[in-house]
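Lettered A, B, C and D in written order, each chain numbered from 1.
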Amino acid sequence: MGVILYYMNFLSLFVLIPVLMMLGLFVSNSRKQIQFITATGASLLLILSGIITYMYLTERAAGNVAEMLFTADTVWYAPFNIHYSVGVDGISVAMLILSSIIVFTGVFASWKIDPLPKEFFLWYSLLSIGVYGFFISTDLFTMFMYYEIALIPMYLLIGIWGTGRKEYSAMKLTLMLMGGSALLLVGILGIYYTSGATSMNLLEIAKMKIPLTAQYYFFPLTFLGFGVLGALFPFHTWSPDGHASAPTAVSMLHAGVLMKLGGYGCFRVAMYLMPQAAHEMAWFFLILTGISVVYGAFAAIHQTDLKYINAYSSVSHCGLVLFAILMMNETAATGAILQMLSHGLMTALFFALIGMIYGRTHTRLITEMGGLMKVLPFLGVSYVIAGLASLGLPGLSGFVAEMTIFFGSFQHTDTFHRVMTIIACMSIVITAVYILRVVGKILFGAIQDAHHEHLTDATWFERISVVTLIIAIVAIGSAPFWISGMIHESVIPVISHLAK
Amino acid sequence: MSDLLTNLLSGPVPIEAYLGVSLIMFFAGVYGFLSRKSMLMILISIELMLNAADINFVVFNRYLFPGHLEGFYFALFTIAIAACETAVAIAIIINIYRNLTSVEVGNLDQMKE
Amino acid sequence: MQYTLLILVLPLLSFIVLGLVDSKWKPKVAGTIGTVVLGIITALSYFAAWEYFSMHRIAGVYEKIIPFNIEWLRFTDYLHINLGILLDPISVMMLVVITTVSFMVNIYSLGYMVNEKGFERYYAFLSLFTFSMLGLVVATNIFQMYIFWELVGVSSYLLIGFYYTKPSAVAAAKKAFIVTRFADLGFLIGILVLSFYTKTFDFGILTSGDTSVFASTVGASFMGISVMSWALGLIFIGGAGKSAMFPLQIWLPDAMEGPTPVSALIHAATMVVAGVFLVARLFPLYVVYSPEVLHGIAYVGAFTSLFAAIIACVQTDIKRVLAFSTISQIGFMMVGLGVSGNGGHEGVGYMASMFHLFTHAMFKALLFLGAGSVIHAVRSNEMSHMGGLRKYMPITNITFLIACLAIAGIPPFSGFFSKDEILSACYEFSPYMGATMTFIAGLTAFYMFRLYFNIFWGKEHKHQHTPHESPFAMALPLVFLATVTVLAGWIPFGHFVTSDRANYDIHLDFTVATISVLIAVCSITLAIIMYRKESKVPKRLATTFSGLHKAATNRFYIDEVYIFITKKIIFNNISLPLAWFDRHVIDATMNGMAGTTQWVSVKIKGFQSGQVQQYAYVFLLGTLIITALVLIF
Amino acid sequence: MDYSSFLQMREEFSLLAVMVFLLVYDIFAGEKGLKYFQPVALVLLTVHTVLNCMPRDAFEVAGGMYQYVPMQTYVKSILNIGTIIVLLQAHKFLNEDANRIKRGEFYFLTLSTLLGMYFMISSGNFLMFFIGLETASIPMATLVAFDKYNRKSAEAGAKYILSAVFASSISVFGMSLIYGSTGTLYFTDLATLITGTPLQIMAFVFFSVGLFFKISLVPFHLWTPDVYEGSQTNITSYLSVISKGAAVFVLFTLLIKVFGNLVTQWQPILYGLAVVSITVANVFAIRQQNLKRFLAFSSISQAGYILLAIISGSAMGMASLVYYVLVYMFSNLAAFGVLSVIENRTGKVQMSDYNGLYQTNPRLSFVMMLALFSLAGIPPFAGFFSKFFVFSAAAAQGYYVLVFIALLNTILSLYYYLLVIKAMFLNKSENPIENIKSDFPVRISLVVCTLGILLVGLFSTIYNQIAVLSFGM
C-alpha cells in the first residue's frame, strides 16, 4: 500500500479505503464483521475528509495559489495520454466532505439492511469509489471512468434492495444515465482531440484553445451528458422513479452525491474547457434549467409518495445548481457549489428519514400517515428540520446556498438573466408549499392508522446518521463564511477562465 | 452468323468468351444455391461458383500474365479445397439425413428468429 | 454598548438549550429558564434604551450606533451579509417593546400553558421567536433583516401550529407561512433589485442620504416604472405580507389557532408590525426615491384598515375580532407612514406611526392576554359562550376595559395620543384620508365595545364550571400592561423617535382630537345600546344589511378567492397537469423510445427466418448493394 | 532453395508438432494413457503458447507467401490463450461417456482451425490466405456438427458449411478478379497495383465479404445465431472469439496492407456496416431468450464496435483492435464458460432458467455478471477500457458521429446485458438451477477470465506493450 501511495498520492486513499472495505467485505461472514468493516471504513473516510480540509486550508493560508493542490500525476496509458492524475481545489474538497458525510450516514442508515448485507455494502463501497474518484480526478478519462463506476452499482442496489417498481426503475435509471454518459464520452473525446492537448488532464486542456466550431458540438454534448445526472429537464424522469425505488442509503448517496457529479462536471468540464460555446449557448440551457427549477417544484406539489416529492424537489434544487453555474460569475458559481453541498446534505437527510419512517409505517403515501410527530418525535423533528432546510430557512444550509445563487445570478448585467433569476426565485415559495403540505399531513394532525400508535422512535444507529446530517446542515447554515470562502476562492480561476 | 462461328471456331478464343462463361457459371451457381431445394443440388451449385472462379484464374493467367503460374496454382488449390469442402458438406448432409430423413434445405428451420 | 449582543445571544442559547433537552427536564424548569432569560434581556433593553436616549445628540440628531458587526457571508466584493446590531431610535424602541411584551407573555404563559403538553417546546419556540424578532429590529443591513424576517416567519409557523394534533391549527400555520413566504418573495426580489443598483445592503449607506449610491438607478426603469419604485414596492410587499395588509391579510385571523399568549406576542404586538418597521427603516428611501409607492402604502393601509374594521364588527370569535382589529390598527400605522414626509412637522406621520406601534403593542397585547384569560376561564372563543363575566373576573374586566378605551382613542389613555397624531397627519395629507381614518377610528371604538360588552356584560351564559379569575402569573402581566397603557400616552415620544431623529414636540391638534373623541364616544354609546343588555337591534341590523353582514362575516370571501387560486388554479390547473405531463409526456417519451425499440425488435424477427437460402440471398444482396453504392458514389 | 528459413515459422511448426503428437498419442495410447490425454494436450499447448509469446523481428518466408510482423505474435498468443481456455471449459463435456472417444478428434479439429488462422494471419499472398481461411473454416464445420445425434447440431453444421462455402466462393471469385486486374497475388505487390479501378473495387467488395462473413457483420451475419445456438457451447465460444478475433485482425491488415489505396472506398463501407451491425444486432438481441442466441447477437454487435478501430486505420486503431480482441476474449469466454457449465450439467440455456441463479450459484453468477459488465463496457472492468480505446481511435480520426451512434447503442446493449443480470440477481424462481460444483479445469478457466476482466484494464502494461508494436503494424 505504501508503494501505491507513493505513486498515487494520499488523495487516492479516498479510493483505496473503499477498495479495502470491499476486500474486507469479501472475506467477512457475519453481520457483526460487516458492520464493523463498513463503519470503520466510513468513519476513516469522514476523518480523512476532515484532514484533507484542514490540510487544504493550511496550505492555502500558507499562500499556495496553485489552482489544484496536492496534485499527483502518474502516466497510465501513455499512448492515449491518459494519466492517473489527482488534485483538489476548494470545490472538490467541499464535495469530498459531502461525500464522506453521506457515505458515513448511509452506512448507519442501512445498518440492518436485509437481505444480503454483504453484497449490499460491496456495491455500496463500489459506488463510493466512483464518487470519490470522480471528485479527486483531474484527468478526463479517470473522471469519466469513475463516473461510470458510480453508475452501475445503482442497478443492483435498486434492483435487489429496492421497493416498489424496483426493476423498472433500476433499469430506467441505469439506461438514462448511461445515455448521459454516452453523450459525455463523445464530448470528452471531442474535447481532447480537438484541443490538441498532449494530456487528458483538465488543467492542461484548459490551456489549449478548442476551435469554436468544435465547441459548438461538444459543449452541448458534454453539458447534457452531465446534465442528465444533474436531473436537467427533460432528462430528469429517471430521478423520481429511481429515488422512489431505491433503498435508503442508495437514495441518500445518489441524490446526495451522485447527482452532484452532474453539476460538478458541467462546471469543471463543460464550461471550464469550452468557455466560448458556454457563453454562446448558455441561454438555451438557462431556459432548460429554469424550467427544471420551477417545474420540479410544481410537480412535487402534487405527489403523494414521500420519495417522489423529494425526488421532484431534487429536480428543482439540482436545476438551481446548473442554473447558477450558467450565470458564469463567481458568486453564482459559489452558490451553485454551496447548493450542491446543501442539497446533498438535506436530501440525504430527507431520504434517510423517509427510509426510517417507511421502515416503521410500511407506507410512503402521505395520505396514509398522520400525527407521526406524537409517536416518532425524534424523526418528526428531524423531518421538520430537513423540511425547513429545504425551503431555505436562514441558519440552515439551504438558505445560504440559495441566496448566494440568487444574488450572484442577479448581478448579471443582462436583463434576460435577471428575469430568469426572478423566475427561479419563485421556486422557494412553491417549495414551502409542498414541504409544509407534507409536514402537515404526515407529522401533524391525528394519527391516521391505528397501527401507527405503537411505533418506536429512532434507534441509536439511525440517530447517528440523522444527527450527523443535521449538524452538517446547521454548521453550513449558520457559519457559511469559511466554506463559502474556500469555494469562492477556487471558483475564481474557473470563472476568470470563462471570462476570457 | 456463319462468319462469327467460323471466327470463334478457327481463331483463338477471346478472353471475353471465357470470362463470359465463368460469369454465367458463377451466377448460375448463385441462382442454384438460392433456388434448389435439395442440399446436394446446393452443393453442386457451390461447386459451380468455385469452378467459375477457377476458370477466371486460369484464363487470367493464360491470357494476361502468361509468364507466371500463380493463377494455375491457385486453381489447383481451390479444386483441392473444394473437394474438402464437399467431403465435409456431404458428411454433414448425411448426418442431416440421418436425423431428418430428408435433405431438403427448407427443413433446416428449427432455429430461427 | 457591546452588551446589547447579549440581548440577542441569550434567547438563542435559551432556545438551543430548551430545544435540545426537550422533555427531559420538568416543564417548570424550562418555563423558568425562558422567563428568566427574558427578564434579563428586558432589563438589558431598558438599560440600553436609557443609555441610548440619554446620550448627547450630535447636531440635533441621535447618532446611529453599531456596537457589533461581523461579516457572515460574502457574495461579491461589495455585497456581503453582515450580522450586527444597529442602535437607532426605532430599533431601541422596538427592543423595548419586544422584550417587554415577550417578557409579559412569558410570565403569562407560566400560568396559561402550564397544563399543556410540550411546555418546554413552547418556551423554546418563544425564545426562538424573541431572538429572531430582536435580530430583525437591530439589523444593520437589509439582508440581515431578511434573514431574521424568515426566522420570525418560521417561529410564527411553529407557534401557530403548537397544537399540532389539531388539523385547523396545522392548516392555519401552513397558511400563515405560505402567505408570508409568498410576500417574502417580493421582499427578496426587492432586495435583489435594490442591491443590484446600489451595490450595498447596508442601512447605514442606504439611508445616509448619499445620492451617489443611487447614481445607477437614475433613469433606470423596467416596464415604465423606475427601478427604485420596483425595488421599494416589492420590498413593501414583504412588509405587507408580515403586517397582513390587504390582500395578504388572510393568514392573520387563522393564526389565532395558536395559543393565545402567542397571539398576543406575535400576532398583535411584535411580528405583525415588522412590516411597519421595515417601511420605517427604509423610510428615507421611500420619501426621496419613490413617494408614489409611499402614497400607495398609505392607500393600501387605509383600505385594509377599513376593510378589517368592518369585518371586525361582525365576527363572533373574540380572538378573531382582535385579529381584525390588529389588521385595522396596523393599517393605521401604515397610513401614518404613508402620509408622512421627512423631518420636522412634515414627518409627524412617521413619528405618530411609531408611537402608535408602541402603544398598540401594549394595549393589543393586553387585549389578547385578557382574551386569553377569558378563554382560559370559559374554555371557548365564542362570544355566545360568554357574557356577564365581569362578576367573576374583575381584574380581567378592568384591564380589558382600559385597553378598549385606549384603542378606542379615549383620552387620557395612550391610544388616544398616538391615533390622534396619525389622524392629524392624515388630515394634512388630504381631508378625505383624514375623514376616512376618523370613520375607521369610530368603527374601532364600536367593535371594541361590542366585544367588551359581549364578554363582560350582556346575558350570562350557562357555564359548566364557574369561571374564575386567572392565577397570579396571568394577572400580573395584565396589570402591568394596563398600567403602561394608561401611562404611555404621556411619553414625549417626539423627543425620542422621529423621522429625522431630531427632536420634535408633539402638540395636539384639538379640532382633530375633538372630532375623533366625539365619534369614538358616539360609537361606544351605540355599542352600549346594542350590546350592554340583550337587544334585538343587532339582529335587526343584520337582517336589514344581510348582504353586507353575510359578506363581512365571511370576510368578504377573500379566503375563498385564495382557495380558488391555490386549489383550482395552481393545484389543479398547473401542478396536476404538470405532474401528469411529467409522467405521461416526458416520461412516456423516454419509455416510448424503449417501447419502440422493443416493437421494432419484434417486427423484424422474420428477418432471421432460419432458411439458409434466404441468408445467402441477403448475403448476396448485401454484397451487390455495397458494390453498387461504392461504385456509384 | 534454403529450407531452413521455413523454420522461422515457429508458431506454425510448434502447433503442428503438438497436433501430430496428439494425433499419434490418441491413436496409440492405451486406455490408461488416454486418461491423461487432456492434461497432456493442455500442458503441451501451454508450453507452445509460452514458447511463442515473444515477438520477433519481422521477416518473410517463401518469397513473401508468409509474412511476419511482431504484432502477429500477440494475436496468435491471444488465440492460443483463448483456445486453451475453451479447451479447459470443454474438459467436462469431453469427459462424458458419449464424447470420450471423440476427444482426439475434437482436439485435432480445433487445433487445425487454429493452424488455419495462424496461416491466415501471417499470409503474404492470397493463396496462402485462402488456404488458411479454409483450413480454419472447414474443420470448424465439423466441429459445429460435432454432436452427431443432435438435430440442432446437425442443422447448425449444415447451415455453417453451406454459408461458409457460399461466402468463400464469392470471396474466391473476388480474388480471381483481383488477380485478373493486377496479375499478382502477393500483398506487397498488390499494394501499389491496386489503383481503384471499378473492377478492383468490385473485386475488393466480393473478396472482403468473405471476411465480413467470418466476422459476422450485418447483413452477412444471419448464420451466426443459428449456428451458435445449434453447436455445442464450447464450440460456440470458440467460434465467437477465436475465429472472429483472427478474422478482424486479418481484415485490418489486409485493408491497410493491400487495399490501402481504396481507403476512400472501404471507410464508408465499414462505417455503414458498423452502424448497421451494432444497431441491428442490438435490436435483435433484446428479444432473445436463448442465451446462446443472445450472446450470438451480442458478439455481432461487438464485432461492429471492433470496426470502429479498423475504420480509424491508424496504429492506434490497430493496438486498440488487438486489445479489444484480448478483452473480448476474456469477457466472452467467461460468459460462455458459465453458460457451458450450466448447460453441460442441466441442459438449461433459457434466460428464464437463470432466474434466481445467484441464490444457488453465487460464484457462477458473479463471473457471469463481470463478463456481461465487461462486454457492456462498464468500468473498472477491462471492457470499458477496450471500448474507450476503440472509440478513442475512431474519434481521433474525426468519426464523432459514428462514435456517438455506437455509444447510443451501448445503452441498448447495456439493457439486454442487464436483463441477464436481472434474471440472475433480481428475479425469484420456484425452481432454480441447483448448486453446481464445477470441475477443476473449468474453474481455472473462469479464474483466468475473471482475472483478465479485472486486471487487463487496470494494468496499463498490456496495452502499452501492444501499442509499442502496433507502430510497426
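In this section, a residue touches a chain if its C-beta (ideal position, glycine included) is under 8 Å from a C-beta of that chain, and two chains touch if they have at least 3 such contacts.
Just so it is clear, the structure is predicted and the values come from calculations on it, not from any experiment.
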Selected pair, greater C-beta contact count between A-C and C-D: A-C
Inter-centroid spacing, chain D versus chain C (mean Cα positions, whole Å): 77
Intercentroid distance (Cα basis), chain B paired with chain A, Å: 67
Computed distance of Cα centres, chain C from chain A, in Å: 37
Separation of chain A from chain D, taking each centre as the mean of its C-alpha atoms, in whole Å: 42
Numbers and ranges of chain D residues touching at least 2 other chains: 158-159, 162, 166, 170, 225-226, 287, 415
Per-residue multi-chain contacts in chain A, two or more chains: 175
Sites on chain C at which at least two other chains make contact: 594, 605, 608, 610, 612, 616, 620
Chain-chain contacts as defined at top: A-C, A-D, B-C, B-D, C-D
Parts of chain C lying in touch with chain D, wherever the complex brings them together: 594, 597-598, 600-602, 604-605, 607-608, 610, 612, 614-616, 618-623, 626-627, 629-631, 633
Chain D residues within the chain A interface of the complex: 316, 319, 373, 378-380, 384-385, 388-389, 391-392, 395-396, 398, 400, 403-404, 407-408, 410-411, 414-415, 418, 421-422, 425-426, 460, 463-464, 467
Residues on chain A engaged by chain C in the complex (per definition of touch): 172, 175-176, 233-234, 237-238, 240-241, 295, 298-299, 301-303, 330-331, 371, 373-374, 377, 388, 391-395, 399-400, 403-404, 406-408, 410-411, 415, 418, 421-422, 425-426, 428-429, 432-433, 436-437, 440, 443-446, 480-481, 484-485, 488
Chain D - residues contacting chain B, complex: 126-127, 130-131, 134, 138, 141-142, 145, 148-149, 151-152, 154-159, 161-162, 165-166, 168-170, 172-173, 175-177, 179-180, 183-185, 225-226, 229-230, 287, 293
Touching residues on chain B, where the partner in the complex is chain C: 30, 33-35, 42, 105-106, 108-113
